[in-house]
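One chain, chain A, appears in both complexes that follow, with chain B as partner in the first and chain C in the second.
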Partner chain A sequence: MCSCLSRKEEAESLGNDSRVEVKEMVQSLEKPQTKLMTGAEAVATAAKLSRPQVIAAYPITPQTKIVETLSGMVARGEMDTEYINVESEHSAMGAVIGASLAGTRTFTATSSHGLLYMGELVWWAGMTRIPVVMPVVNRSLNPWNIWPDHQDAMAFRDAGWIQFYAKNNQEVLDLTICAFKIAEHHKIWMPVMVCLDGFILSHTSAQVEIPSQAIVDAFLPPFEPLAMLDPDNPFAHGSLTDSEGIWEQRMSLIDGFNNARVLIPQILKEYTDKIGRLGDYLIEVTGNIEEAECAIMALGTLGEEAEQTVEFLSEKNIKTVVFRLRVFRPFPRKELISLIKRVPRLLVIDRAVSFGNAGQLAIEIQAELFAHKVDVLFYQKIMGLGGMDVTYADIAVEVENILKEE
Partner chain B sequence: MNVKIPEMMDRPEVLLRGNFACAGCGLSIAYKTSISALNRPIVVIPACCSSVIQSLHPNVAYNVPTLNIAFAAHASAASGIARAKKMRGEDTTTVVWSGDGGTYDIGLSTWSGAAERNENIIHFCYDNNFYSNTGAQRSGATPRGAVTTTTPRGKREKRKSIARIMAAHDIPYIATASIGYLRDLYTKVKKASMIEGYRFILIDAPCPTGWNSDPAITPELGELSVKTGYFPLFEIEEGKLTFSKRGIRYKDPINRLSIEKYLEKQGRFKSMTSEQTKLLTDDLQYEWDMLSKLE
Partner chain C sequence: MMTEIRIVSRGGQGGVTGAKMLAYAGHLDGKFVQAIPKYGAERKGAPIYADVRISDEHVKTHAPVITENTHSWIVLEPSLVQTIPLKKLSPDTLIIVNSQSFPESLKSDEKLKIGKVDAVKIARECGLIKSGTEMVSTIMLGAWVKATSLVSLDSLKEAVKHQFGEGALTDANIRSIELAYSQFEFKE
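Up next, the complex of A and B:
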């Protein structure tokens, strides 16, 4: 049978004799399925379920599998999408900005040097509030290597984008679908980056539950443009602006992030109620906070690794808890402070550095601790740069050293 | 194809009064003539004088939907618009409106990609031979000998042949036009609008502010550029070049006015040595010869 048929067509083409079977197959599409898939496939699957109308992307390891999978889906007619094979990441973001303002739901994905090359347009999308969704498969920067760390995405923490960091392939899929609803909420209306660690997630298979198309459609309605390039109603987007206008625009962006702080948990909750699992929290807590001698904080898969540390150390009778930030922008200050206030020690692990200072997460948390006069013993550690392997045991050693030092 | 004058008189106002263009600005004339010839245009403008003359937000002198975008992102943004409008089933004309800096230099990669994909876009390049917006620096379009703020002794290199670079992409339509011959320009735009795919129109657009010329003679300079053989008028369709009726006689150097007639009216050529003038004349002839091979 021709591989370009969709499953439904395939079922229909079976003919009259297998009517019962056909009906069952069609029905099974309405139920969630569980599949073994890589993080890259989880991204592509989430994108497909979210029905973007225009995709523009340029390949870079370890994001490549995402664009290859999506091009295949579009070519086979499984997605009703215009796919633009642009000649660079700069053009990928240029194209989605144009497509978004012309009134369509848009998607792209990149990594590392691709993100840096796209940089000017990443800021353009951030400052002019383009509701595009872009997974970033985290990869270190030069000299040439393809190993994971967060240096790429951290270079854009100030660019006016919402940033999520996923811990596993399931969360990659769930957050990518949510990202569209968050980006396109009229009170948010800004771009969203979903970060996933290169190879650790992008190329590693794990079990992922895939919601049915019908249920995703019920969660995510079609794109509803706030403003659109339209010959019947001409206006100029992004035109020459005076200081007051720029100020006003920046203030509205700050308001947008404040709105996002409130609305993201609501959207995550709606997803959880309608589709399942995800949970509405901005920070995931693993372990017993009341008994913890030390809290560990990290992003992405390092956060998940730290969850293993909790179990590992409890066998040695050392009590720890993990605060894993799922969203880095907007920075979940309030939630963080209320958690940190309840522990005596805090270890912040960064997988990136603001050279000349310290890890970005550590810097930002220290600022909050000072502002809120939180009395906690603060420790920071940079780990896993350039893909250096970090295991739960490595994290445990750091905690044990802290406790020994005192 | 022939456009009647009354049709041109009847066109919509696309550039409103109160815009920020200098007196005698060639690009404004090019814009009015070109954009008014199009059906439901959506115009993408990268960083250039055109992003300034639209006036200050929230006022806008362009009477058509306009997307301002980063300098090197015009054709990519236009690709996104064209595909999105196709997806939405809306009948619009997607336009890139770029200066020569945006087309010859920084935006080369973005338009080359869009041209290779044959996106449904009309790309206009108004060519004032340099970066006027940032105060008259050289570009790949600056002719040999011209003084700019970054070539104070006159540019040493010859001007790039953007039309031939574009032609190497085998796009369906390429044309050159000058604001000295508006009916020819208007007709070419109309013709382009009836073709699908990537179309390119290069417009000779004098800039009195940067060229140090009298604003009152802008259209005259547009004519002189053609009559002296400085700016050949032609179309390229399906790989075949045809010199335009208005300019074909200047193919023969005998029929051309002396290049000095063009140069002497512009401050940017004031300090040209006779050796530089000779080199420039050779460059121009070389370009005519290369173009003639495409006939």
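Up next, the complex of A and C:
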């Protein structure tokens, strides 16, 4: 039951005592509050709680309510943040790269074609390890449209960014706060994308428990630069080095991802211990893995949709389990293989395509299955491109077809 | 238990905002809720819909409501009844229409629960007109609460306050909800 009810009941049980109001105010500073908000508003709330010092954003479609909400917060004086209203997404990323190198915590947000237009500098931030946090509201790419799928973020899976995919508005908020701590960890020090499905999360209202500022401050200390540009001690960052310099940089990025693979669960655990809910896993498992006839693997909201499929199919006495990848970069190979080894069949659902081959998730999982000689019946399905609806019943049909085929 | 509701409207009538307010009312009642707008590049007057889920448990599904499972259809403009796939609806599905009289296509129906309220008349009476369009969504929510009692009337009024803040607009909306609550009628 949501906590608003218990607060209401608590207030009623205390009657009309004038102390109630004061007590409510004190509690609101310390206790989490449950609010109804869209995924975009959840991102903005998380960003506000994380105290970025510089936000740069371009406000026109396909931009979302994320930056509109944040600009309102800055304008009302609720955030101590330099908000730069730039003239394009390319400039937005340029501005946060500069601000980050000048020693500040940075944030921007984008979506679909905006991410493409930002593209060159997305790679710049990835390859030169700029610890910026950027939610991407996942939408289909060209021709211009606004419908949800994962094609935009998948186009940047190789760009040197950590990528999270959230399943609901609560996870959007929790992961966005964690993203700052992960990006800024000195052994990781790289940019983080928090991906949330367009409309399905960004525009849909649902309940979100919001931690207090004090508790977020205790989890996320102020930005501590690893290196920063300083006129008194000049150095260049990333410009026109020789081949050895680029090679060294690429190797350091690979090391950074290896560190991230180890450190992300630790940071998620710290968040869970201090703030709650989230859990420290890279892959969420829902259902009984030992009994499952088929495992369903998906990213983002399709993962939570598949959780409903597990319940739906159990009523028909079909046993399934969901492996939802919460993080796609770094790719959680080890965890994945240890899970897949325990099921007889695997259905991988992609909401994007590497045209000329298959869904990106399916391609990468097949590579791991081959490398580890895992004996599993492998199935793949592309669903929900361009915002086509995918219900738990649609996923159930796919599972039933697999079981019927044999 | 989970209740799934579809609000059918034309762009500009307040259907999407109505979905948010209904979800907020459920939230105040301690339920788990979702308000899902299905809209693209929005156009005034174009048919659109928004879905609401009100549940006793956390809602895992993110897809739009499945027609066969829909508990209620709230129709903000009578001509939009023709967009409802009537044959697919489960018995006793509720359809509430903003209309002076029960629409012809529903008159002979015996499978569904049909209700109506003249929301246009109430909107005019309460001064709820924006850019020449009667704002009927809160009125229809008042009718829905009367028909189902699935959220409390007090919570719906609180949701209106939350949406529009204190002031004349909220007062007019609350009055319109009360009128809808008393004027709503089921087809015999």
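Note that in this section the second predicted complex is superposed on the first by the 376 of 406 C-alpha atoms of A that agree within 3 Å, B and C clash if a C-alpha of one lies under 4 Å from a C-alpha of the other, contacts with A are read in each partner's own complex, and residues count from 1 in each chain.
Heads up, the rule we're going with is that contacts are C-beta pairs under 8 Å (C-beta built on N, C-alpha and C of every residue); 3 or more make two chains touch, one makes a residue touch a chain.
Not measured: the values here are computed from a predicted model.
K.L.:
Under the superposition described at the top, does placing chain B and chain C together on chain A give a clash or a fit?
P.N.:
In the arrangement built by aligning on chain A, the partners chain C and chain B fit side by side.
K.L.:
By the touch definition at the top of the document, which applies to A:Trp147: first (chain B), second (chain C), both, or neither?
P.N.:
A:Trp147 contacts chain C only, not chain B.
K.L.:
Between chain B (first) and chain C (second), which, if any, makes contact with A:Val86: first, second, both or neither?
P.N.:
The answer is first: A:Val86 touches chain B but not chain C.
K.L.:
In the overlaid three-chain picture, which partner chain does A:Thr391 touch, first (chain B) or second (chain C), both, or neither?
P.N.:
Once the two structures are laid over each other on A, A:Thr391 reaches chain C alone.
K.L.:
Once the structures are superposed on A, label A:Phe199 by its partner contacts, choosing first (chain B), second (chain C), both or neither.
P.N.:
Second partner only, chain C.
K.L.:
I'd like to know which partner A:Asp242 touches here: chain B for first, chain C for second, both or neither.
P.N.:
Only chain B is touched by A:Asp242; chain C is not.
K.L.:
Just to be sure I read the superposition right, which of the two partners does A:Asn258 touch: chain B = first, chain C = second, or both, or neither?
P.N.:
So A:Asn258 meets neither chain B nor chain C here.
K.L.:
With both structures fitted on chain A, tell me whether chain B or chain C touches more of chain A's residues.
P.N.:
Result: the larger residue contact count on chain A belongs to B.
K.L.:
When the two structures are overlaid on chain A, which partner does A:Ile97 contact: first (chain B), second (chain C), both, or neither?
P.N.:
A:Ile97 contacts chain B only, not chain C.
K.L.:
Look across chain B and chain C in the superposition and give the shortest C-alpha distance you find, in Å.
P.N.:
Superposition on chain A places chain B and chain C at a least C-alpha distance of 27 Å.
K.L.:
Find the residues of chain A that appear in the contact set with chain B and again in the contact set with chain C.
P.N.:
none
K.L.:
Contact residues on chain C for chain A in the complex?
P.N.:
Residues in contact with chain A: 20, 23-24, 27-41, 59-64, 66.
K.L.:
Going by the contact rule at the top, pick out the chain A residues touching chain C in the complex.
P.N.:
Touching chain C from chain A are residues 1-2, 4-5, 8, 34, 36, 145-147, 168, 197, 199-201, 203-207, 301, 304-305, 307-308, 311, 389-394.
K.L.:
Please name which positions on chain B make contact with chain A in the complex.
P.N.:
Chain B reaches chain A through residues 40-42, 44, 51-52, 54-58, 60, 62-70, 72-81, 83-88, 92, 109-110, 112-114, 116-117.
K.L.:
Could you list, by residue number, the parts of chain A that touch chain B in their complex?
P.N.:
Contacts found on chain A: 53-54, 56, 82, 84-88, 90-104, 106, 120-121, 124, 229-231, 233-242, 245.
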